[in-house]
Amino acid sequence: MKTIGIVDTTFARFNMGRAAVDEIQQNVSAKIKRITVPGVKDLPVASKKLIEEEGCDIVIALGMPGAKEQDKICAHEASTGIIQAQLMTNTHIIEVFVHEDEGKDEKELAFLMEMRSREHALNVVNMLFHPEKLVKQAGTGQRQGFEDVGTLRH
Amino acid sequence: MKTIGIVDTTFARFNMGRAAVDEIQQNVSAKIKRITVPGVKDLPVASKKLIEEEGCDIVIALGMPGAKEQDKICAHEASTGIIQAQLMTNTHIIEVFVHEDEGKDEKELAFLMEMRSREHALNVVNMLFHPEKLVKQAGTGQRQGFEDVGTLRH
Amino acid sequence: MKTIGIVDTTFARFNMGRAAVDEIQQNVSAKIKRITVPGVKDLPVASKKLIEEEGCDIVIALGMPGAKEQDKICAHEASTGIIQAQLMTNTHIIEVFVHEDEGKDEKELAFLMEMRSREHALNVVNMLFHPEKLVKQAGTGQRQGFEDVGTLRH
Amino acid sequence: MKTIGIVDTTFARFNMGRAAVDEIQQNVSAKIKRITVPGVKDLPVASKKLIEEEGCDIVIALGMPGAKEQDKICAHEASTGIIQAQLMTNTHIIEVFVHEDEGKDEKELAFLMEMRSREHALNVVNMLFHPEKLVKQAGTGQRQGFEDVGTLRH
Amino acid sequence: MKTIGIVDTTFARFNMGRAAVDEIQQNVSAKIKRITVPGVKDLPVASKKLIEEEGCDIVIALGMPGAKEQDKICAHEASTGIIQAQLMTNTHIIEVFVHEDEGKDEKELAFLMEMRSREHALNVVNMLFHPEKLVKQAGTGQRQGFEDVGTLRH
């Protein structure tokens, strides 16, 4: 059985990890390893440990970077580290970040955080079990959390 | 026979991978491995896996970064990772990015995405089969998708 | 017995390392290795040496980046290195940075530096001894030094 | 006999590689390996392959980043990769970049590209054959392509 | 006997390496290996080679980034590389950068370059021979070249 790692943060203001776990369990039978770290900069090594020490076949790293300039820099550092961790393990880590200023109010932000977590959980299911489905979606303007924008009219 | 890897995204709004595959097949006999990932930040490890797990001799990584500031940062992170992946494998990964704001409308953007994908596919063919052709083009102001600008008048 | 590494700087204007050591000793029985380096850019390798040469199970890296633009860049470089050090060792290094311009005066800045050092020391204790406590705090908007912001109302 | 690697791009608008080769051949007897890649982001792995697969003792990586903001980011990514490639091989790769907006017209730009390529080629010759000459130039404000600015008056 | 590596640049406008060597020799008995490279981007691999090929126990990397925006980016790339080099060798490389625009005139800039080189040379001596002295200075607002700012009043 495949193992999916889930790592989220205490800094985020919505339980993104729970949404991802729920979506996976509704769609596929897989072993799930879940941990939580303080902030997004702790996600890279946590993800790498899930892969190398817990045997995860893929990891979902979820976080909510804050709205301040300094928070944007932290998010950039975290993303860079998540890419490095993937290259060091030859394993995908799907990053699910929702910036605190992406929603116009708390309700919309929470909705966005839940939807993006769920839709990327489905991406992970497809990457693990049905990679050919992604090839069929190539160039179709998929978006997670927002409505898909579709293929260019030409 | 040489193997060329092609990886593109579901986020893009034009099927760049298909254009690259078509251009290669019109010009050379090579084995092609194609996969699709959600977004540009998934390209680095996908490319590295094509090289190390699928035996690709070179990879074309195609994506369409969005027009927002945050999208530009994602593109930068992806590019950094693609360079790292090359250094870890001693193998070229030709990055083909078309930013969503490079075209003045959907039609021009689609045209640019197709042309840049095809012209970089030809670069890959030359790098693999005729590297001496590139030396002859050194300093000649080649552009992919846009018209070549040529050598400086001096 | 677990070993916790503490590294701080002579550049900082508050003894962050002492606050972290004090908080740990009040809460848990662990071996502590403490060193001090000149500035934040010296923290990555110092942390890695604490892990690989001194056997630390986790490290707290504390610093106070200055308020100037150049100092912000140094902080970014340090953070990037701290993430790399974690990936190279599969060990968490909790970064505790307080920017010199985060406090409105010296008193508030000192208070913030002490509180953030102490609260992150507690995070480290939990990560090492009670990781399940962090999962319970997932998505609850924890902040270190400032008041927690809580879960989104939705 | 020492081997010097030369890698330049088809994107550049002046044949920088040829200028570097010519300058080396006028000054020293060394084996030269020359290749050309599409753009500056292809330079890091090309340089690393020259070192590891072609036995080069040092490499000159020449490019002309474009004048647009996006081109500046590409140059930054390329430079970061070139530094990484050096660290992975313990071998110097001398980066020779002339930004397209450094010259006031095509003639000046071409002149600058030629001069900087030639002067850095001389640096490479010195690093390889006469490293003590560089120590004698320490702190003397050397510039490549522009006039030297000299030691500070104090 | 301990070995200290010193690497500086021909781009700088003050002989920083000589100042560092002089300060070390006045304070401690150690073997010194000195080299000079063209610019700050050549410092990372030069430092790593001093450690791995010349047996240095610690390195001082000195440079004067220029005042232009592009020079700031070069300094950032160099700093990132210097941190990487440290992580790859588990050895401290103390970066001593004085930006060309830090002094109000040539005289002040030269003074700053000399003082920062000397004060960081003392840091290196302490790190190598008296690390406990640095712990005593933790949080005391040490500055190199400028006057120390001291501990926060609280």
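Read from first to last, the chains carry the letters A, B, C, D and E; within each, the first residue is number 1.
The rule is short, and it goes like this: contacts are C-beta pairs under 8 Å (C-beta built on N, C-alpha and C of every residue); 3 or more make two chains touch, one makes a residue touch a chain.
Which protein is which chain? UniProt says A, B, C, D, E = Riboflavin synthase.
Nothing here was measured: the structure is a model prediction, and the numbers come from that model.
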Starting at subunit B, fewest touch steps before arriving at subunit C: 2
Please report how far subunit A has to rotate so that its Cα atoms sit on those of subunit E, a copy of the same sequence, as a value between 0 and 180° in steps of 5. 145
Do subunit D and subunit E, two copies of one chain sequence, contact each other through the same residue numbers, with over half in common, or through different ones? different
Just the number, please: Cα centre separation of subunit A and subunit C in whole Å. 25
Please report how many Å separate the Cα centroid of subunit B from that of subunit E, as a whole number. 40
Considering subunit A alone, which of its residues make contact with at least two other chains? 80, 84
Line, ring, star, complete or other: which describes how these chains touch one another? ring
Beginning with subunit B and continuing through subunit D, what order do the ring chains follow? B, D, E, C, A
Going by the contact rule set out above, which residues of subunit E touch subunit C in the complex? 72, 76, 79-80, 82-84, 86-87, 90-95, 99, 120, 123, 127, 131, 134-135, 137-144, 149-154
Which stretch or stretches of subunit A touch subunit C in the complex? 8-18, 34-38, 41-42, 44-46, 48-49, 52-53, 70, 73-74, 77-78, 80-81, 84-85, 88, 106-107, 109-111, 113
